[in-house]
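One chain, chain A, appears in both complexes that follow, with chain B as partner in the first and chain C in the second.
After this line comes the complex of A and B, so read on.
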């Protein structure tokens, strides 16, 4: 099962719009590759792989919303931005999408640009902006971190969903007439609910990781580059 | 998501399609899909031709229709969306079986079902004939940035780590008196998701360090050894399918 919302299948959006967004995604991904290269050290490489695997697994959890006739799933953009940073994070989500499209037929190959733009670029960017903002405003406590993770995850899901609505408005293959507003409303409502689930999972994961291995949380690293992360009391796990 | 999920779609065989190098198959599949998507939706015959091409490749790869069709059910939510379109769409209404349906919506539904199904079938054929390891080797040979192939390699490797850790944690819960049934498993899972992530990371980190100490430098051995890269002949053989599809698409565009 997959979602109507997130993994756009072949034929939903017309060719020219798909091509434009493929170009957008390509430019954004090239930028992420260039910026991400310097980030990907010995500590981040396995983390990026695990984050991608985690997102892959988590995207299989579907929330069917039968009344609306659609289902949606978790995205993981906020989790990725939190743990491996915006550049590598966006690449992780993109890798998940490419593998799903190539091997599982989940999301059309011709629509990859659209899917990557929504989930990898828009979702991760929105999440990271919020994370950067909230971490500065909120207290440096597990609660503050949890709230940051929750809010940014919630917001990023809704932003990604609105990305689809925007693309459908630009190049939907079927003219819905006045129903586009309805589509936007349904998508926003559904993804607000999904966002709550996503926010909870992101917050629990990030807070647990930050408690035991704060050195692994990229967002915390970026904030205080000078101060070394405190050595966790529960050592010896390695 | 069972164990070895990453290989769940691969069908062991020695067919001509299996023996083709992965990069050739990836390019063929992508070009075929693009040709399908570029076809005008009113050219019904073109989609029939594509279906014949898919069937021919499936037969050559010894992948049965039952296997293909049951795996293609992943598409179902889109089909549901497509079914709704004739009712939601704007514009001309046509009378069909006593229902007043939007003509544009009907074409839209056909468009999604036909193009979506062909795309899913093409990816399934690629997955059935290529292991995920080969797929990454193929992407690397297609000059995909190394950072992406590296993330993809670890993703596929760690999926099994993640699933294994989840199973161990579940066994640990059950052996301590928890009795998870169906939906209530979710609660235990949700409570332990952070721990699961950490455990999987620490195991994954050890895997990574073990790989590093055995000479891993960011690429799969098969790539830097350069063995088995596609020859010009193999490119030509695999090109038949996308070239035929592109021909069909071009004809369809010219005719409509």
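After this line comes the complex of A and C, so read on.
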């Protein structure tokens, strides 16, 4: 039988730690709704729905990572942050995780807070920090945009994976005999390779959207280059 | 402008449906990065049951809900291609409905100014109009 669970399953992290992270995730998502509302206008709302649906679809596409018997799949934080911004982007990933846990039996319902914290909060936040930095220094070309997407996506996957290692340190249910470093090393190594896949998918998608409808790429609207733009932008400067 | 945005969204949805409905059948069935890391230290038989060793995956418990779409298939549909594809299509539509619906409900309407997105006067006016008609 093929293994189709992609997220933290029940029993992997103990109940109290899972509950703490459920609270963390709830607070973070509430904050994202409050901050994201100012981004969410009539145009961004359907786009954000699409981004969530797209992430759901691409998460189903496990790709091989050239290590025997291991696959990877998109997490989506960087993609969402690029296209709809960090606040709404984190919410998009969270909605995907909720649907997967409640309807597709993927990721324990009790583990939802852990999964949301890793992929929606840490992944998206890490990605957006790099996006904000890189888009200001790299040229506004498809290459510059692609490199930004690739690097931030790769970074976000490794950060999300380390989030899990931290959670396992706090509440892992199997005694690793002090060998948490081994788990950390395996997770980091595997997710570095998965990050390459995530980077390629994110860069391809973002560059494609930017070619068709550059106005629908949040990062291009919100983040102005370091040098003053030749044409004064109409509003939207942060 | 708004019409064309909707056009883009519909086009994007079609791509997502194609990916989840068809391409998903060609996805790798190996355990993903998390799962494989948790399985380190254990041995498995062909049915993926643990046959020996110690590893975090041993502590795994049943999912609370499961449900007819559990594990990205439709229970009762024997054709694996159809089962995976249909569950993917349903998942994409459901995710779009839940996310799109929720975002549409909490979106900024009319006069709350100060968004990073667009912020053009016509968009704001458009928002006011919509809010008015939606009640």
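One rule holds in what follows: the second predicted complex is superposed on the first by the 206 of 238 C-alpha atoms of A that agree within 3 Å, B and C clash if a C-alpha of one lies under 4 Å from a C-alpha of the other, contacts with A are read in each partner's own complex, and residues count from 1 in each chain.
Everything below uses one rule, namely that a residue touches a chain if its C-beta (ideal position, glycine included) is under 8 Å from a C-beta of that chain, and two chains touch if they have at least 3 such contacts.
Keep in mind that this is a model prediction, so the values were computed, not measured.
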| item | value |
| --- | --- |
| Clash or fit, chain B versus chain C on superposed chain A | clash |
| First (chain B), second (chain C), both or neither touched by A:190 | second |
| Touched partner set for A:92, first chain B, second chain C, both or neither | both |
| Partner chain in contact with A:18 - chain B first, chain C second, else both or neither | first |
| Touching partner for A:198 - first (chain B), second (chain C), both, neither | neither |
| Greater residue coverage of chain A in the superposed arrangement, chain B or chain C | C |
| Partner chain in contact with A:207 - chain B first, chain C second, else both or neither | first |
| Identified clashing stretch of chain B versus chain C [93-101, 183-191, 201-209 or 237-245] | 201-209 |
| Chain B and chain C footprints on chain A, overlapping residues | 1-4, 9-12, 33, 36-37, 40, 42, 45-50, 52-54, 56-57, 60, 69-71, 88, 91-92, 95-96, 98-99, 102-106, 108-110, 173-174, 176, 212-213, 216, 238 |
| Chain B-touching residues of chain A, taken from the complex the two chains share | 1-4, 9-12, 15, 18, 33, 36-37, 40, 42, 45-50, 52-54, 56-57, 60, 69-71, 88, 91-92, 94-96, 98-99, 101-106, 108-110, 173-179, 200-201, 204-209, 212-213, 216, 237-238 |
| Interfacial residue positions of chain B with respect to chain A in the complex | 1, 9, 26, 29-30, 33-34, 36-38, 41, 71-72, 74-78, 80-81, 84-85, 88-91, 102, 104-105, 107-109, 111-112, 114-116, 118-124, 126-127, 132, 135, 145, 147-148, 150-159, 161-163, 190-191, 193-195, 197-198, 200-202, 204-208, 212 |
| Parts of chain C lying in touch with chain A, wherever the complex brings them together | 1-2, 4-6, 8-9, 12-13, 15-17, 19-20, 23-24, 27-38, 40, 47-48, 54-67, 69-73, 87-88, 91-104, 106-108, 112, 114-121, 123, 126-127, 130 |
| Complex interface listing, chain A residues touching chain C | 1-12, 33, 36-58, 60-65, 69-73, 85, 88, 91-92, 95-96, 98-100, 102-106, 108-110, 161, 164, 168, 172-174, 176, 182-183, 186-187, 190-191, 193-194, 212-213, 215-216, 218, 221-222, 234-236, 238 |
